[in-house]
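I have a structure here, written as structure tokens, and I will follow up with some questions on it.
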Amino acid sequence: MSDKKQERVGVYVCHCGSNIAGTVDVVDVANWAAEKLRHQGVVIAREYKFMCSSLGQELIEKDIKELGLTRVVVAACSPHLHEKTFRTAAKKAGLNPYLVELASIREQVSWVHTDKAVATEKSKAVVAGAVSRVIENVPLEEIKVPINPNTLVVGGGIAGIQSALEIANAGFHVYLVEREPSIGGHMAQFDKTFPTLDCSACILTPRMVEAGTHPNITLLTWSEVTNVAGYVGNFHVTINKKARFLKEDLCTGCGICQEKCPKKVIDEVYEAGLGYRKAVYTPFAQAVPNFPVMDKENCTYFIKGTCKACEKFCPTGAIDFKQEDQLINIDVGNIILATGYDLFDARRVSNYGYGRLPNVFTSLEFERLSNAAGPTSGNIVLRDGKTTPQRVGIIHCVGSRDKNFNNYCSVICCMQGLKFAHLVHERTGATVYNFYIDMRTAYKAYDEFYQRVLEEGTLFVRGKVAEVTDAARYDREKGKLIIQVEDTLAGKQRRIPVDMVILSSGLQPRHDAKEVGKLFGISCSTDGWFTEKHPKLDPVATMTEGVYIVGCAQGPKDIPSSVAQGAAASARVLDKILQKEVALEPIKATVDQEMCSGCRICNSMCPFNAIAFLEDRMVTEINPALCQGCGTCVAACPAGAISGTGFSDEQIIAQIDGLLWRTLEVEEAVAE
Amino acid sequence: MTTDVKPKFAMYWAASCGGCEIAVLNTHEKILDLDANFDVVFWPVAMDAKYKDVEAMEDGSILLTLFNGGIRNDENEHIAKLLRQKSKILVSFGSCACEGCIPGLANLSPVGEIVHTAFNTITTDNPNEIYPRTTFDVPEGELHIPTLSRILRPLDQVVDVDYYMPGCPPESHQIAAVIDLVIQVIHGEAQLPPKGTVIGVGNSTVCDECPRARNVKMIKAFKRIQDVAPVDPTLCILEQGVPCNGPATRSGCNARCPQAGAQCIGCYGPAEGVMDYGARLITAFSSVLDATTPEEIDRILDGIPDPVGQVYRFNLAGSLMKAAKPAWEQG
Amino acid sequence: MNNDTFEPTIIGFTCNWCSYRAADLAGTARMKYAPNVRLIRMMCSGRLDPTFVLRALSCGADGVMITGCHPGECHYIEQNYKALRRYLLLKRVLKGLGIEPERVKLVWASAAEGARFASETTLFVEEIRKLGPLNWGKADNGPKTIDHVESSMVNRLSSEKEVPA
Amino acid sequence: MNKYLLYPGCSMESSGRAYGESINAIVESLDLHFEEIDDWNCCGATEYLGINLIPAYSLIARNLALAARQSAAQTNGPHTVVAPCSACYLNLAKADYYMQERPSLGVKVNEALEAGGLQYKAGTLDVRHLIDVLVYDVGLETIQSKVVRPLHGLKVVPYMGCMLPRPDYQHRWSDHEHPTELDDLLRALGADVIDYPLTTSCCGGHMTQIGPETAFELIRRLVADADERGAVLMATVCPMCQMNIDAYQNEMNHYFGTDYHMPILFFTQLMGLAFGREPDEVGIGLELVSSRNALAQIGVEVPITQEPGAPRKKYEGLPMPRRWTKHEQKEAVK
Amino acid sequence: MPRMTDERVRAGLAREEDLSLLHEVSMKTAGVSHLEMCIQCGTCGGSCPAAQDMDHTPRMLFAMLRAGMRDEVLRSNTPWICVSCYHCVVRCPQEVHIADVMYTLKGMAIHAKLYVNSTAPHFSQTFVGMVETFGRSYELGLASRHYLRHFPLRLPGMIPMGFGMITKGRMAIMPKKIKHMDQLKKILDRAKQLELTS
């Protein structure tokens, strides 16, 4: 570093009104920098009331032009707030934006410390660190890549359908991939939707049909994404289209095959295990597409080698037992993940007895139970299939807000519980109890619905149910399910005998969310939901450019929010498509292939597959467009052959030295 | 440069084993070129010479000095400064001079314990606990022996060094090449590399020269090589679970040890521009661990019984920390 | 040195996405914590090269705090696991060099855990305060005579066993 | 490793004598070696904890310290402390856990132990209950293989009690509410095990001493439900439970004017019988509510023939959710 | 900052005087109580097999702790009714160490001499006394002494049971004593000092 030409550094210390100046002697810091860091090339150090103001920025621009500054350090707030601001200012003045460093003396000093002397001292250290670091900065240029106008939407629930339609209607092509035989998702299983109580199918099916017939949408159901390569604007995606064992072009969806199929199977998915389907089936009447799939595991022909009833009766000869899975390769520019949620497995709360006590039902089971198209044609009955319950208990927060299970609020369970209460009341006239911890009805027209259910005479008990048992203590409890709970408002323990218990189970991430995240190069929160780029300001984007998350894949939410997110993500995608190209942050790793020994230590370091080993030359190469700039490989390279722009070893070492006053010791040495 | 009067050559050993000298002799007939082109003025191991002769020389009168061994006592330090003063080109020769080498491992203990170990353990029967003294009166007068310094230091921590030539010892073919180069320079047929260059080495690490098959390594346990039976002769040794220092060690030796079926122990030191050799090995080894829980990771790491010895065997004195706490804190 | 008056100097490495934002949050929420830690921002805890830690410790830091996203929460998917592996091996090496491994601490803090960041920092400062200053290599490196060594040896040995007079 | 340190607990020589005797009767046939902790002291039950924190934990920790020392004294000595009494098990496990969760507690306790020339590093030992060892170390197969007198037809409710599966610091049990370890073990003995929803409900603990009314109600619930479900016998793993349900059943009947006769035996006694031991060898007869009639049902060696039973009528109701596999359940408990 | 408290307590940084009643209890409890995390859901009160005999449910007790109602809390019979069955502990959605908090409250009540109307404190103390003399518990002594003092009338009803226990050798007539009682005593004495200084 010694023989490098002396940089000309400008240091700017911000008062931020009294936010910083109140705790840090900014004038002292500026003067100190001007004097003590002169030997490092600090030619000017100023303090100013608000550096981020236009005047403050002009100050910097002026100095860059007039004093010929080659580096700028701004001691102000967190780079996450104003790094862009000052970089843009520098750019305006003709200085490469990446030659600007922010030293955070607000979030990390003035706001968290009280002693002025100490805070000032620390600020000096922070500035010294930034100065020695910025000297090691190098000019960087953003990388521009073209955008493929096609989009992949994964998941055909309401959020995915919404996303697909928005983009398709804007005139761009969409591939909509769905794992199940039909699109529709969980919403297709519901009976009514809160708070308006309009029939789920009635509002959903038109959208499904539109998506199924839209000229700009390629619908790939019974299909799963198996591989994703490439990067924003240029993803190469492989999709496995599972064999349906029938020719889609011949099938008319007449349904004769399912009618004739002799094999009855419990429908774990659509009927939530509460109803039956055939081995060849369309999950429900309004399915899109409406041609069936054959479930190989249960089909008598595939098990025994005989039967073929479906084939015999199919009027168009569409059945094809020889069909095989087929791999489809597509290129897309952006990806929207709408993979939805799994229902919390209520068997985990063993004190609620689900799976052990027949008349304990989950929310999804109840949806099917109350659904006119469900196994009981909408009759709300006990597990025996006939008895109508007289007393029903609905338990909220099952598996949610509980450190033993999911330590978050599943958002929809309160309203769902209220909806159930209403339906039970309406259809059976039974006495209904709702057991809740806190009633969360915070959304348009939600609390009104709560009022309505109160009016209907539903009994509310504030208390998390302790257990559901069939162990009767008194005669009145014999043959019933007893809900034992503390009525926290009465301050007494109560045992309430009921005929039916409905568990308002929470939502949880898909069981395979982690693998899916890996596949698309995005991360999951500790709870397992996909992590958004910014929880408030960028809720549908992710850390991986060009990959977006919508609906319950991002976190529990109701239908309106899912739809809103679907639309929001589409807007982001359309924006990208219309820009035709996208700029990537130039924080990248590069391999000095002269020094690379091809030891391949780094090869396992990159989760974004940016690192490739060139067998022919026995060296490693990094694809700058795939590299996300985390720097793990830089730190890993045993030969020190990988360097990372923006956060190079030189920069960080220099900053360490600065923070530890080493740069001053050097000065004294120089003075001697 | 004129050739009628032969330029002067010197070689000296400080805290080292003498292996470097043997390596020089191992250049076979090249040694004759050395003699033909140089006037060897000072080389204690090869010829008789007195310090005062050197002191008498004119500053900068020696063209080339190969200095091997680390600086462990005041004598080493004195001669290092003396030779610096008298030499045009001072080469830090061999691992000891470059980074401390095995003698540098003494920096793990305070001098007291080193002396104790040397003079009063199983290796030395010393019932009366007699320890050497730096000054001793005899009828002829006062005798002196050199004074140990707190820690061993590589040459460049004591004097300014022109070139580095690592290796324990440097490979003879590399030495021969360097001798050739200097001779060419003398005859004006070549240019000297820029000051501070590491000479007689490759520009990558040992893996570059290692013929063994390399895949993406992931291991569940570290083993000692003798516990791997049989060692696959074609597969990367690290991949077989043996901590091999090859990935982080400067190339230039033609991957001698791995070729001979043993793991690299790192005598050629760090690659170009690396600030701390041990750090590179720490990342290298931790990067191949196939584990995610602290417990599991620790279980695998237990397979490296002596982490410092593993990652700093040759480099401790030349590392960022230079020595262990006890050595720093003594006295 | 009196450990109550001793103010440790600590270098903290933070990842851009979790712990640095946690620090920002602690600031925004005006949570007060010990001023002894000076932060360095990296893109990810996976960027942490042990060299940085060694450099800091050898250049006057009394402790080093490494922070990153919680395991499984890394914005680069899994890089913090790599940081964890390096950290565990680094600690073993430091131990071998006679440095209390507690001087280097790995702390997971999500972007939402400003409070955790603040309290963990304060805790760490207290832990380092207890350990006392490290001031590495500061002590003079002058030669020491063997006489001195010997006398110190004799003292040491006499405490172990009788030295024949 | 079939060598363990044994912490018998005070009741083993007194109220729980039958337990102690039956354990001795089964261990050798299972090739288990229990080495009693020398000079162990009372764990403080649930009482001591309520007086002072540090003394209570020091009292418990002394045993752990003694055990650790005893284990360290021998080459690869046993690292597992087995406590047959649930209360003892819980106290030992708890001390070991809390001394880690809250180091400052560990420090204080060790300061106290110091006064007695002892010390214990939390986490050094594994604290486990007898049935845990039997089910997970010995294994049900082995146990089954030792059965010479299957308990066919013996309608028994498995009573785990509360302190064994909870709080379960080390996740040793299949479930907090309905653990199946005891059920499985009794089935392995051939018994006719009845699903008992109250298997981990409380027997009243020390309330029999300080608030009998409260305790009697708890005992009633247990006995009544067992009786309701047609059990002739309760099997337990805990001396306190056995004591309360056995010794206070009579009083409870007085109190409620009921007339229950529900014998309760230690599971080890049933194991002993199944292994072919004679009643007196396994402490049968020490119980106050006699188990004579109940055991008469297995006294005879003729295998019970299954009645063909009426043809199962078609189930018309809605299907039940799929039962968890053992594996799934273990996963879920994590 | 609740988490703060947990960590400060864990690190032994927090001092008693700067804590509220809630945190005082939290600190005196083994392990990390998580008491401040209570969301008043009532799982504990609902789970408790003995709740019907308690004057306050555990949940309400925690609310009272927050309200700083020291005397009312220490007078409550709740901790003494607690049978430590740990149902509440494993079900608590906030991982509050409820049963251990109950032990803490017992201890505090005894020290404050606030809880009177039950035989429980005496039972505990008799038991402890016994353990401190013999190192082992001693049921006959305990039972008889306890019953003589508190339920003299019910003792006859107990006799057949007590008699049965003795004749069946399930109650030792003489207590067992451990070998190194002195050692145990030293430990407990030291422990008691520590308790005071904590």
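Going by the order they are written in, the chains are A, B, C, D and E; count residues from 1 in each one.
As a convention for this text, a contact is a pair of C-beta atoms (placed from the backbone, for glycine too) under 8 Å apart; a residue touches a chain by one contact, two chains touch by 3 or more.
Because the structure is predicted, anything quoted here is derived from the model rather than measured.
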Contact-graph separation of chain B and chain C, given in steps at minimum: 1
Chain pair that, of all pairs, has the most C-beta pairs in contact: D-E
Maximum centroid distance from chain A, chain identifier (CA atoms): B
Identity of the chain that, by mean CA position, is farthest from chain E: B
Between chain B and chain E, centroid-to-centroid distance (C-alpha), Å: 67
Chain B-chain D separation of Cα centroids, rounded to whole Å: 66
Centre-of-Cα separation between chain D and chain A, whole angstrom: 46
For chain A paired with chain B, centre-to-centre distance based on mean C-alpha positions, whole Å: 54
Contacts with 2+ other chains: residues of chain A: 351, 467, 605, 635-636, 649, 653
Sites on chain D at which at least two other chains make contact: 176-177, 221
Junction residues of chain B, two or more chains touched: 275, 280, 283, 287
Residues of chain E touching chain D in the complex: 9-12, 28-32, 49-50, 52-53, 79-81, 83-87, 89-91, 99-100, 102-104, 106-107, 110, 118-120, 123-125, 127-128, 131, 135-140, 142-143, 146, 151, 154, 157-158, 160-161, 164-165, 168-172, 176, 178-180, 183-184, 186-192, 194-195, 198
Partner chain A, residues of chain E touching it in the complex: 39-48, 51-52, 56-57, 59-60, 87, 90-91, 93-95
In the complex with chain B, residue positions of chain A that touch it: 594-605, 613, 618, 635-641, 649, 653
Contacting residues of chain C [partner chain A, same complex]: 9, 11, 17, 20-21, 23-24, 26-28, 30-33, 35, 38-44, 46-49, 51-52, 55-56, 59-61, 70, 72-79, 82, 86, 110-112, 118
Chain C residues within the chain B interface of the complex: 49-51, 54-55, 57-58, 71, 81-82, 84-86, 88-90, 92-93, 95-99, 136-137, 139, 141-150, 152-154, 156-157, 163-164
